[in-house]
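Quick one: this structure, given as structure tokens, is what I'll be asking you about.
Chain lettering (A, B, C, D and E) follows the sequence in which the chains are written, and residue indices restart at 1 in each chain.
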Amino acid sequence: MPIQYYIYLSLALFSIGIVGVLVRRNAIIVFMCIELMLNAVNLLLLAFSKMHYNTALLTNKETTAGTEGQLFVFFIMVVAAAEVSVGLAIIVMMYRNIHSVDVNFLNRLKN
Amino acid sequence: MIPLSLILLPFVAGILSFFVKSDNGSKQLALFFSIATLAVMLLGLCVFNQSAYHHFDVSWLVSLGSRFTIGLDGMGKMLCLLTAISFPIIIAATYNNKYKSTNNFYALLLLTQAGLMGVFVAMDGLLFYFFWELALIPVYFLCSQWGGEKRIAVTFKFFIYTFIGSLLMLVGLLFLYYKTPQHSFAIKDLYNLHLAASEQNFAFWLFFIAFAIKMPIFPFHTWQPDAYEQSPTAVTMVLSGIMVKMGIFAVLRWLIPIFPDAAAKYGQLIIILSIIGIVYASLIAIKQDDVKRLIAYSSIAHIGLMCAAIFTMNSIGLKGVMLQMFSHGVNVIGLWIIADAIEQQLGTRKFSELGGLAQKAPTLAILLVVLAFANIALPLTNAFIGEFLMFNGLFQYNVYFAAIAGVGIILAAVYTLNMVQKVLYGNTTTITENAVEISGNVKWMLAIITIMIIVFGVYPQPMIDLTKDTVQALIK
Amino acid sequence: MNKLVYLVPLFPLIGFLINGLGRKSLSKSLIGIIGSAAILASFVVSVFLFIDVKAHGASVVTAFNFINIDTFKIGFAFQVDQLSSLFLLIITGIGFLIHVYSTAYMHEEKSEHFARYFAYLNLFVFSMLLLVLGANYVIMFIGWEGVGLCSYLLIGFWFKNNNYNYAAKKAFVMNRIGDLGFLLAVFWLIAKLGTVNYADVFAAANILSKFDVTAITLLLFVGAMGKSAQIPLYTWLPDAMAGPTPVSALIHAATMVTAGIYMIARSNVLYSMSEVTMNLVAIIGLATALLSATIAIKQNDIKKVLAYSTVSQLGYMFLGLGVGAYTGAVFHVMTHAFFKALLFLGAGSVIHAMHHEQDIRNMGGLKKKLPITHATFLLGCIAIAGIPPFSGFFSKDEILAAAYAHNPIYWGLGVAGAAMTAFYMFRLYATTFLGTFRGTHDQEHHLHESPKAMTIPLIILSILSVLGGLVGIPEILGGHHELHQYLSKVLISEKAHHIEHSTEYMLMAISVAIAALAVIFAIVHFSKKPELKDATGIAKAMENKWYIDELYDAVIVRPLEAVAVFLKNIIEKSGIDAFVNGVGKFVNYSSRQLRLVQSGQVGNCILIMVLSIVIFILLWFYDISIIRLVDKFF
Amino acid sequence: MNITQILFWFLSVLALVSALMVLLSKNPVHSVLWLIVVFFAISGHYILLNAQFLAIVNLIVYAGAIMVLFLFVIMLMNLSADTEPQKNVWMKLAGTIAGGCFLISACNVIYNAQNVSKEIAAKTALLNQGNIGLIGNLGKVLFKDYVVPFEISSVLFLSAIVGAVVIGKKEKNKV
Amino acid sequence: MNAIIFSALLGVVMMFSGILTTNKQAIKNIALVCLTLLLVANLANHYEWYSIKIDTKQMFSFSKYGYFFNTIAITATLLYVFVSGDDIVKVGSYGAEYFALIFFVLCGVTILSGYNNLLMLFLGIEIMTIPLYILTGSDKKNLHSNEAALKYFLMGAFSTGIMLMGIALLYGSSGNFGIETVVNITAGTLMKVPILEVIGLMFIFVSMLFKVSAAPFHFWTPDVYDGAPSVFTSFMATIVKSAGFIALITLFANKSEELGKLWNILLVIVIIATLLVGNITAVFQQSVKRMLAYSSIAQAGFMLFALYSKNDIARDGILLYTSAYSLATIGTFAILIKMDDHSINGYNGLAKSQPLLAATQSIFLFSLAGIPLTAGFFAKYFMLASVIRTGGSAAVYLVIIGVLFAAVSVYYYFKVIQAMYFKEGSAATSKITPNFKFALLVIAFLIILFGVMPDTLLGLFYF
């Protein structure tokens, strides 16, 4: 598959994530949209990984080029998991205090 | 060693003074150390006058290309002498003034002295910058803490104003630093720097704005009357007696030798500004109702003349400038002492509320008259020599400039005599009815100033000789 | 012998210091003695110097280097020559008499002020001596400003009265205007010749261009205008009568105001080189002489009349200088010093007797009560009116003759002025001494002749006024004009001598006749019925000094003050300072506005981030032109 | 067009549509479900790219663990379409436009990279083949070359654990 | 490597120390001991006495520079705990855990000082920020703290997404994650630079700018710094922010001239925007804490100068800057925490009631404002010098803009001094222990020491 399709697809997903962050007020949904962005990145990394593999395959049949990309995806997933645990804890903590998950509800810090 | 002790003595005393608990103790300490500094200075001038004693150099900030190099040349000696003389006089003359937390007051005052001394002896760009700021910070605290009603805002304006100036100077210094082949701040390396015209024109202003604010010359002067008015008088004396000389001094030491071409190029512009300043400040002084503000504007006018004379780059004029730095310092301190004596006693500085003091306090009257006439540069007072030489330089530069600046001489007479008349003459008012004679210490300090005024007015030659080497270096 | 020249200014200086510092402890008599003795000592030395100069000629004595910069040297040097030694005698001699007079005149003052007075007087004499002794223009300038200072101090001597203080200030400021001219001339000399020593300047004068000479002399003349009260800077002198009367006698008649004459006479080498200046000097002098004479006619204050008369006489002296009669001018300085001092002191005696009444309309008939004063005053009036053989005749006539030689119109106007002089002087004399007493009863009761200390100087001065002219009897009257011979070393001889003797006789006769007529008319007119009504019309304008003060006030003083107020309130406060504060306010304001951007909402923050990223991308990838532009710049 | 390509397009469209639905659903629970669909679609892509390991991990970690966590939280808070806070229209519009601008400019850059500077022209991602995405290969590299980051990421988890304790645990003593 | 391993292990130790003791003082002391150990470990590495050797497969490239930064960061943390330790354990009921998190943050910091691979950059940043989210929200009952934590978390996660997109694009172009490939690829000229590379790099750049709170990516900073418990704000604003700069420098400092020029356009915009927003907005703030938050943005603007100039002086200078800035900010926050009223008026008359606090506070503020003979001056000096070193008049204009804003900064820093010294009032503080005073004095002394002899500091460790 030509690589640009993957790039466009990822960028589209990424942008949808961004739009989600911008248009939603529910902290959980916003967070989900961020996860969507991360997934878009994952997909792109994987596509690139196979692209590099493909390129390297022309010269070397035994190549392992592109493995790093896949591993990077793995690490992103690891981090995302950790982030989710902390993020959800924070959201729950907030919900406990104000019984809302609206990101704009709390806006005491001004000036 | 002399310059080092000039800095260290007041510095150490200042630090000590923070820890002296008794009010009198700190006063005595300050007085003692300031006199000791004066003694060192006089020793340096008279006994240890070989150049070996006047230079000191240790390595410091090596990686930045800066050294702790200090030294005294003729101009430096003159200004250090001024500083050394002024501080004992200031401290003694305001000895009876009461300050909250006296020890801090004197500590900061002495630190200021250290900073000022440092400015006058620094032979390294970065070091100079340090002392330039070191002299400013204590003054900021002094004015803000012990000043008048509007002190905080006014002092802050002064501080920010000068701080912007000095930051620009720092930029200029850095610029020069990277232009020197060996990346150094040493004054001789900066002097040997041959900058291209465009570089000079550009960096010149970075320095000049800093100095112009400090002097101050028109139109950078508006901090000054406010600051003088609001500061405690002892500090005002330091400000106008010595600190404004920093600007003039810096132009002579750091600006002109490094940017000769730019100085020649923009000299005329600056002279015009200065001359506008002379007339402008003199006219405003005529309409002032406050002793301190009047002296402030008068000081602006005087400084304007000095600044104009510098940029004529005329050997006679330059000597006049250096002489006048000393003379103006001494004279203006005298005027402030009187202003302070009046304010301390009567609680007002308004002309409209004063009058008739000559009946009540004849000694004050006589001394004020002497100082007033020194202020308008009457012959046989020290100021005359300086002004005569400066006008001479200005005249040789441009006749019309000299003539317009000369209007300042006339206006100076008008406002100074206004002041004398409104303070001393006429009938007493309800406020001055119960005025008494000035106290002994004030009297003696003024007497010393008067003697200096006359002695240097009649026999200025030693002072002129002192400036010889500096002027020669500048003209070359 | 000429080393003694130090002593001449030194004695008054010592007197000043002793009286000034010891003003609280010394007794009045001691103060008087010290003050007078100092001047007497100077006088004695001056006499020796005079004799010495006469015998051995001029010399320059340098005390020390005053200002010494590379090749530019100004010594604190004294020049004792014919001109200065003559002035020394006038200053110390008359000064001494006035000091003696003052001991009595000022006796009512508290001892502190008494001492102050004598200190000032001594200081004045010191300054005046420096002025005439200086061997260069700078030393002269020192004295020049010094006498201005003393004049300021003495006019404002009674400092409780603010009008006096204003007068003092006016005097000083007007002098300063002149001083600026002087100073600029000195700078011009330095710029062109590199020296200010008389000897060097005059020796090198011929290398100066025409323009330079004219400029220098004109600027010097501006100085002289201020000091010697010429148009347009004369208005301070009448106001200066606020000071004690002996001061008026000494400063504003005999010595200080003649400094301008001295200076021009001293610089005669330069002046002779510039036709323009000479003409201007003559015209200004003549105009001043006439203008002030007209004013003097209508003044009712005894001192004011004398003051305007002084201005007028000074005008004559400038006329003399302008037409090249340097000796004549100096001669007139001398005789004028005698009779004007006499007149002022006489006036002082009258005022003293009248308990500080100065309005002549309240006097009259004082002849009997004050015989000595009357007699001496009359002699003084005759002398000033130019009646031969009194001193005024010779000196004035010399000037007039020279003026005729130069331009007959000058002479005509000069004679008119002389007539006016005679007229107002005798108007003054008649109103004061003749007729009946018009003052209060109380004043009449206390009228008495002044003490000896006052009358003896009057007598001495009247003798001098009468005989003083004899040193300068012109050749046509059979004299040798000793003064002229004495001064010929330092003053260029005037060109006045090509007038026919017969013409000269006729001129003398005409002027004397006119003066005599004026005298008679005045005595007749005023001895019986002095004018007491308020004047109207032109007379009122004359009484009000042609409204010159008001004119100055409207044209110079008030606009200047308006400008000052404008600068102070508008430019300084609302302009520069407002700008400086405005920068601070702007920072504050923008802070208040900028903080609103910080909405605190996550969505908004991220929105701005995203938009910034978009802008970054666009900047970097698309707007090549911007990049090129910036690229060039960096 | 072979089956792989058909699948690619299908999965892409599915992913995009579901992603949009995540935003558009009013009910948070629906959003979560749509997001799970996205993850499945992406996992499908992984399989197409022959990255089985990541596909599985993606399903387990994201769809399985993370999304379930989300779902639990939402259920716990009893969030529904009614309680869902809404931004005003302008903010939504601004957000959409900003996102659109981002997408367009970024795509344009990629387009340039492909057609102008040609740096990614003719490069393809290998589908269906290649064994680098298999667990054996990945495991070798992970424990040979990537052991340090692997170990270090444990610190991340440690802090996440601590965080969960610090933030999540109810405080006994009220302040 | 020592520092990374030790910080992780000691973090675990701290975690468990909470089980052993509930004595807050003891926990603090343990933390101090652990930090000292960490410092010694790092110094051991630095001076090559002892170092754990692990084959990192080019994941890291340790250098003296990195070690020195570690030393600074650890020392600053040590001082921070020394001066504010009592307040850390007071925030909530998890004293030991807070310290553990601080150690984990340090682990992230040490990773960032030596990373050689984009993966490590990513992991380092995450290790650094995730504990911070927690610390920010640690004052659980405080809505401000909640709000700050949520905002920080959401925005932080978003910026992580941006960074990952950047990394992905970069990878697409280069095929690996080593940062030397970044350097190599960007060494081309403008038109030959791969576009993917550049846009990827820019995404990373943007995300890093977010971390160091440069405008226009700074919006989280004021709210988060303001909302977080003050002790942790202090930590975030100093050590964490410095680490961000070190990471930025490592990533971008070696770029080529040609690309640099283009880069500079963006940088200049960012620098000026940052200085403007930070300084100007700080002027109006009434709360000292919020003012410090904005001022930290302003300081970031100054530190970005180093990125602009990218020369040796900049590299040295950023170390000095971070240490000077950290010292002064830690001290300022330590005093702020003790104040009852956090508004500027709350400082009125502090000089009377607590002269020592006021004096040291003044020194800290002087340093922040860049007054000579304090460390802050040389920090700014190095930044300005590095820019001027690059030559050209544009650099000088940039510097002039910088100093003008520095003058503005004096305005708000000195408002506090004015309040303390020149205004009447009764500034109330909580109990001040002698230890606290001693700690403040130590910080003040260090600031002055670096202000008088900055090259000693640099020379001691680095040259």
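Convention: a residue touches a chain if its C-beta (ideal position, glycine included) is under 8 Å from a C-beta of that chain, and two chains touch if they have at least 3 such contacts.
This is a predicted model, so every value here is computed, not measured.
Think of each touching pair as a link: the shortest run of links from chain A to chain B has 2 of them.
When every pair of chains is scored by its C-beta contact pairs, the maximum goes to A-D.
Of all chains shown, B has the CA centroid lying nearest to the centroid of every protein CA atom. The chain with its Cα centre farthest from the Cα centre of chain E is C.
Comparing the centres of all chains, each the average of its CA atoms, the largest separation from chain D belongs to C. Centre-to-centre, using mean CA coordinates, chain A is 97 Å away from chain C. Centroids built from CA atoms put chain C at 36 Å from chain B. Separating the centre of chain C from that of chain E, both taken as means of CA atoms, is a distance of 76 Å. In whole angstrom, the spacing between the mean C-alpha positions of chain B and chain D is 71.
Chain contacts: chain C has residues 584, 595, 598, 600, 602-604, 606-607, 610, 613, 617, 621 touching two or more partner chains. Looking at chain E, one finds that residues 119, 123, 126, 130, 133-134, 137, 140-141, 149-151, 154, 158, 172, 195, 199, 222-223, 284-285, 411 touch two or more other chains. Across the assembly, chain A contributes residues 3, 7, 17-18, 21-23, 25, 30-31, 48-49, 51, 55, 65-66, 68, 71, 75, 79, 82-83, 86, 89-91, 93, 103-104, 107, 109, 111 that each touch 2 or more other chains.
By the contact rule set out at the top, the touching chain pairs are A-C, A-D, A-E, B-C, B-E, C-D, C-E, D-E.
Of all residues in chain D, only 106, 109-110, 112-113, 117, 119-120, 144-149, 152-156, 158-160, 162-163, 165-167, 171-175 touch chain E in the complex they form. Looking at the complex, you find that chain C touches chain A at residues 595, 598-603, 606-607, 610. Those residues of chain A that touch chain C in the complex are listed here as 18, 21-23, 25, 30, 103-104, 107, 109-111. Residues 1-9, 11-13, 15-26, 28-29, 31-33, 35-36, 39, 42-43, 46-51, 53-55, 57, 64-68, 70-71, 73-75, 77-86, 88-93, 95, 100-102, 104-105 of chain A are the ones touching chain D in the complex. Contact residues on chain D toward chain A in their complex (touch as defined above): 4-5, 8, 12, 15-16, 19-20, 22-23, 28, 31-32, 35, 38-39, 42, 45-46, 49-51, 53-54, 57-58, 61-62, 65-66, 69-70, 73-74, 76-77, 79, 84-87, 91-92, 94-96, 98-100, 102-103, 106-107, 110-111, 114, 120, 122-127, 130, 132-133, 137-138, 141-142, 146, 149, 153, 156-157, 159-161, 163-164, 167-168.
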